[in-house]
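Consider the two complexes below, in which chain A is the common component and chain B and chain C are the respective partners.
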Partner chain A sequence: MKNGKSSSVVINLDGQDVEVPAGINLVEAASLHGTEVPHYCYHPKLSVAGNCRMCLVEMGTPMRDRATGEAILDEHGKQKIGWIPKPVIGCGTNVSQGMHVKTSSPMVKDSREGIMEFLLVNHPLDCPICDQAGECRLQEFATDYGRGYSRYVERKNVKPKRTRLGPRVTLDDERCILCSRCIRFCQEVVDDDVLGFVDRGSFSTLTCFPGKELSNNYSLNTVDLCPVGALTSTDFRFKMRVWFLKESSSICTESSAGSNITVSSREGVIHRITPRRNDEVNDSWMSDSGRELYKNVTSEDRLMKAKVDQEECTLSHAIETVKDTVDGKKLGIVGSCHSSLEEQFLLNKLAKITKAKKFLRGHFGEDDGILVSSDRTPNLRGSLVSGFSSRYPTDNLESLSKSLDKNELDVLLVIGEDLLASGIDLNQLNGVTLIFAGTHQNETSKLAKILIPTLTSFEKTGCFINRNFRVQSFKQAIPGPAGLLPDLQILSALIKSLEKDGIHRPDLSSIWKEMGKSSGSPLKGISFSDVPEDGLLIDGSKWSHLEFVEKKALNYTPARKAQKSK
Partner chain B sequence: MIKKKTPKERRIILKHADDPSYSNKISCYLKNDGYSMLKKAFKMKPEQIGEEVLKSGVRGRGGAGFPAGMKWKFLDRKSGKPIYLICNADESEPGTFKDRQIIYKDPHQLIEGMMIAAYAIQAKQAFIYIRAEFFEGARILENAIAEAKSKNFCGENILGSKFSCDLIVHRGAGAYICGEETGLIESLEGKRPNPRIKPPYFPAVLGLYQCPTIVNNVETLCNVKHILEIGGEEFSKIGKPNNTGTRIWCVSGHVQKPGYYEFECGALTLGEMIYDVCGGLLPGRTLKAVIPGGSSSKILRADERFTGKLKDGTDFDWGIEDIPLDFDGPASAGSMSGSGGIIVMDNSVDMVEAMANINAFYAHESCGQCTPCREGSLWMRKITKRMCSGDAREEDADLLLSVANQIEGRTICAFGEAAAWPTQSFIAKFRDEFEEKAKGDSNKPTLQLI
Partner chain C sequence: MAKTVVLERKPLSLSERTYLPQIATGLKTTFSNMFKEKVTLQYPEEKPAIPKNYRGIPTLVKDPNGREKCVSCQLCEFVCPPKAIRITPGSVPEGETDRAHVEKAPQEFEINMLRCIYCGYCQEVCPEEAIFLQDEYSSSGYSREEMINNKEKLYELGGTLPDAHYKWDKKKNEEDLGNDH
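And then the complex of A and B:
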């Protein structure tokens, strides 16, 4: 606010004076004080449509004399409240000083019950076969405000049951409550105006405009936004009841944006990825391409067995062999920006012990202006903070190529990268022993003498540092394939075997303690448990001289066209 | 018994409407002193015109009856954004056909009124939003505007005043909701005419293209010309205090002479209108009910007594025939004068069928934005339709009333009320007929063909 004082106002919420930030709406204000105002069409990240009418509340403002502007007092000397005779929408009403709000009065209750009944009269009530069941707003509020029986004896409207809106979204129009969230999302966040209503009144039907389809890379957010089971993910449709799903917090590895995600799994199988709200990172959105990444976990080319000289062996034998191969040799380590902060720290430690040369490449693409940034790795900044790299990586391994040409290396430890796709020629690798540690097969892994399968980010715990130097932790969602170990344990075992008197524990808190010790680290004084759900911003000014590819897109700034046009 | 004199019409707006020698050509309009008020307007300051309109007390003729001068005062002039004037010619309230007469028979009167209003509010761009069904009206207006432009009554540097205002006719696509001003604005912007939420989208502040906008009815804008002609003070003496000027009443239904009649506000009662002006009911019929202000206003029962206190404190005790025809009369009787569409029903009318008809209209016209109106209007239509096809149930009257109550006051625009009020009043006043339906239609009035 202008004078810096009036940034909060006092409103009377159900008889209690509470302080709330100025300018927010009644749904948000009530929720800050533990009162839920049910709503469908309102979404904190979209413009206010005010059409579902579920958030109706009673509202009054202190009365003032029109002519003199003086407060009108009642017999107790208190300012009289001019209650508005009709209920107002909580989403479209902003708080003002002294405002009185009733969220549970008979009028409000009656309104909600009325709206609930109306929403259900033409609803197919097919919860038993509906994907949304269990996480459906309509179900939830029907429990709270539903009549429990129907007064509706007429025929229900018939609408299209399975419209293909795009490659990833299927629409059941009969379930749609016409809240327009999906339409507003496409207009305001993605700027891809393809959805709209046709027909009118109760026959209004959501559809794509002629010749268009909902195929943008954010289309699946409409499925998350949909408060009912109308928009469904073609991928997830009819696959799993949501109440069986275990939810784990994780981070999207698609790019340096680091969208916060929730991984839903059952009995060790991931069924879907959904965005997790983080206002500082990704609001409530994520890309469709990011949601598909879980499929890598079970993909055909996943590395499942340790191998030495193309022979399957136990993981411990492979690690043992690595030790023997590396000892006393000129080692080069090709790190990965896909590795977690902790892994990169241990890798750096390993490099120090073995006096290995370090190499790192980046992966870059087009910035889509929303949540897929140019840096297509989740943890490039982690490689800087962990100390593994001090330079900004390029999208090839030129320095490795030079080293190989000068015969400076006997053994190469490659973490996940495909050397042959990074500017290295097959001939250059002649006479070099390759050790490959990664999750998926590639041309380099096929050449490796020692092959160590590792875990995907869904199968382990750690931290990534995103494009604006926010440390974000991801938690293990599912167990890894039988017989495999987390990368940290493998690295730890290697370090232990190579460092003569080293005491090393592969747990995160010990690693964080050690990371904090190195001088000048922005992680000083922070322990792993200090990293909150929504991440921790650290000081990245030490690297401000580097030319990060994201440039202006360091932060996701949502397009707020909302207020300009409805 | 003294036979009362038939009240005389006072035609201001429709002065030339039925003159066979009068045409909608500009030559005819100019012969009748046309566009002289526009010339007079340019000799005044814009604010002065606004003052005159405010003084005249003229209330909006579209339905809500909000004082036009006040509406102009709310205009946000400080924003620096362009100001728009829109004429709401989407006359779609069932029972209303007054604006049509003006547009078809005297379009230049509207254009002159609009140009004066545009000058008063300093709008550089004006629109006439005309309903799709008036295709002939749109053509007439297009021609009239072309004529006016050729004579420089519209367009660039009007009459050398340095004031420019372009006028565009925009045809709707056939939706009742476009008569709602914010819905109209959305439609004019090329979108679905979903009414906007107020706050924040008050047209006078955030109207067309998020700019300050004034939306006035055809008749209201025509009045602006006449206010200028005689002055606001003098205009306010026509009719009654707070009910100034004349009103065009559109009488339809079971009367001998349905049609449009222009009277001073409060110059006659509903009874005089039906029996004296419109020649009474059809032979052998008795009056059953009247809808006084377009289909969305509440129905009045013929044998009802209306009692209460008027705004000036006097008590009243009216029968249906005593209700004065102005803004406040029908409102005091618990209904409204709305758009001036008086629908007369005699004893041949089955009220449930009439209700079904009205409900069918509102279910068809609901834009579908707000849940209560969208679902409620169709539900009510389905109930009344079922009742009329022989499947009425005893509980239907209560159900209808309950559904209507769940709509009223809970929607973005006034369409919710428009859909709910007919049902509420029909049930309140003719519950017996709704309950009769459930008992096997024994008392169904037989419709006599004339």
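And then the complex of A and C:
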């Protein structure tokens, strides 16, 4: 109860009384109860424009006498319903107590058919070459609610087919149905007002304002938003039809925002990355830079072969060599905030067994206030939760540099980081045996005595903890290159060989069981299968004294400021 | 158990014992065939007439203007039951005069004839009427690779078929005469 008003209302949806939250519109209310009200311009995360007219429904409210305010009853003693003589748009009509709605009456069906006919008047027959085909609302609703054939015999409008709106977005003007979602997205979410309609009537065309282009880092969201194939991704354009793509849920590794993503692949090749809706994290958006990350999987500098002393060998031989090199030596472990929570936990365990010194560096950049946070690693908080690090990492490896100067280390196990780019001098590494485990080549990997190639986050399963301390799991989307093993198995094999009479299994459920055991861990009582599709918020108050660098952004308020406002 | 009845074989007559009537009947058939019209074809030099609607090797066809009709929509690849078709889609760069108004065309189009079962679904599903199972039925090769027809081979096999639509000409007309703005 808020201000004496009930938080839910009862409406009559197609003859059935249903309870819905107060204040939502009819499209949402109907979808809550399994009824689809077709719509193009309405998007739950954008303002209501009401210009496509596809969501027309019949609506009526209980009648009251205007003079006395008394309910008008019909012959059965029930309150009469005052039906509005014309259909209303579902997206622009909010529910109210006792409201009656018809979503499939003959009038509603006629309206939809009429609207579909108007929308299709100037729409080209591009479906065979259109990238949207298969996930196109126009295609779907034309089949579901259209009349099935065209009565239009006049010439269709001809508009430009390949307009470059920005570096990553190409516009096919003919296909546009003028829903204005992209325009509202740019205004409301990115605050970069570049798109608008010019000309009138059926000549209306979407364009960029003079001298501007759609080049912001969120421009590709307009492609996802577009209910038809008008806005296309220049990268994905004509590459693959969507019905071939296998979709898997994953997490964006670009920054600690941890956008939920869908990875679309075919036969082990990733073709595109699109955002997955999660209202607690990324709404329905993600950054353009995050979408490019799949290219790392097949990039030329990817490490594909295990090497010992610059000579290719099998992975198991490399792991065995690591064991022999590490045993009894003074070991230092440089972890990575790109590793998953489970990997960091195993790495911590390995450090305990070998009594190794632990080092960690963070990667920081500009905060854009939306979905690219200043912490450019997906799992910095995971390193805290897993126990690998208790301090907030800095942008370099200063403590490692000091240790090296004091000759405290014989062997260094580096996970993915480039030491030479983290403030370590080549001379400092003299006399230190380097073991490098990572996905891509860098200056450090070239120096390594033992090189262990690992998998990217698209090729393995695990969890990241984002800036809200939300544990989010990512699933393997494609198989890794032949002969390579997930990091977890490599670390497990190492632990197994170094730990006396240790029993160790590299599967996620037993690692989670072990993680929950350590005292004070916020993961207590949680298992890997408990982490739902949209993530699980854990208690991060233990680390509230740390200076997290993230600024206020979409769905994120820095902990300290939140405390002040309370 | 059924009772076994032993039948006595009749003794052969005199004419039967000479075999001459049988030989004469046989020779009659032989000689009558010598003067009939020949039905044997000297395959592979001579080939039989293929009935209409025969489902031979799938091929790609061009329209009478010599432009490729396939837009690489990949529906045939999707519908192909034995997964014999493999298409690499490609986009047609703007400003190519001989392919004006075409935006998309296959970069590579492969049909593995070792997999193909000649079902004709590809022809049925094609929205551009670009793929046809024509009258060619024999294909052979010395290796597996040879049995994969690439785009060049498919167009060579397919040739040009009469066209009812002239899609690209229509597009051109639409642009020239349509409601330009």
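In the analysis below, the second predicted complex is superposed on the first by the 546 of 566 C-alpha atoms of A that agree within 3 Å, B and C clash if a C-alpha of one lies under 4 Å from a C-alpha of the other, contacts with A are read in each partner's own complex, and residues count from 1 in each chain.
In this section, a residue touches a chain if its C-beta (ideal position, glycine included) is under 8 Å from a C-beta of that chain, and two chains touch if they have at least 3 such contacts.
Computed from a prediction, not measured in an experiment: that's the story for all the values here.
Legend: residue contacts after superposition of the two complexes on their common chain; A:402 is shown touching neither chain B nor chain C.
Number of chain A residues touched is higher for B, counting chain B against chain C. Look at A:50: by the touch rule set out above, it reaches chain B but stays clear of chain C. Of the two partner chains placed around the shared chain by superposition, chain C is the only one that A:127 touches, whereas chain B remains out of contact. When the two complexes are overlaid on their common chain A, residue A:240 makes contact with chain C while staying clear of chain B. Touch criterion met: A:87 reaches chain B, while chain C stays clear of it. In the superposition on chain A, A:147 makes contact with neither chain B nor chain C. When both complexes are overlaid on chain A, the residue A:155 reaches chain B and chain C alike. In the superposition on chain A, A:203 contacts both chain B and chain C. Within chain A, the residues touching chain B in one complex and chain C in the other are 155, 157, 199, 202-203. On the side of chain C, the complex with chain A involves touching residues 71-75, 77-78, 89-91, 94, 103-104, 127-128, 174-175, 177-181. Chain contact summary for the complex, chain B toward chain A: residues 175, 177, 186, 192, 194, 196-197, 199, 201, 210, 363-372, 374-379, 382-383, 386, 393, 399, 402, 405-407, 409-412.
On the side of chain A, the complex with chain B involves touching residues 48-54, 56, 85-87, 89, 92-93, 110-111, 114-115, 117-119, 121-122, 151-155, 157, 177-178, 196-197, 199-204, 564-566. Within the complex formed with chain C, the chain A residues making contact are 127-129, 133, 155-159, 161-162, 199, 202-203, 205, 237-241, 243-244.
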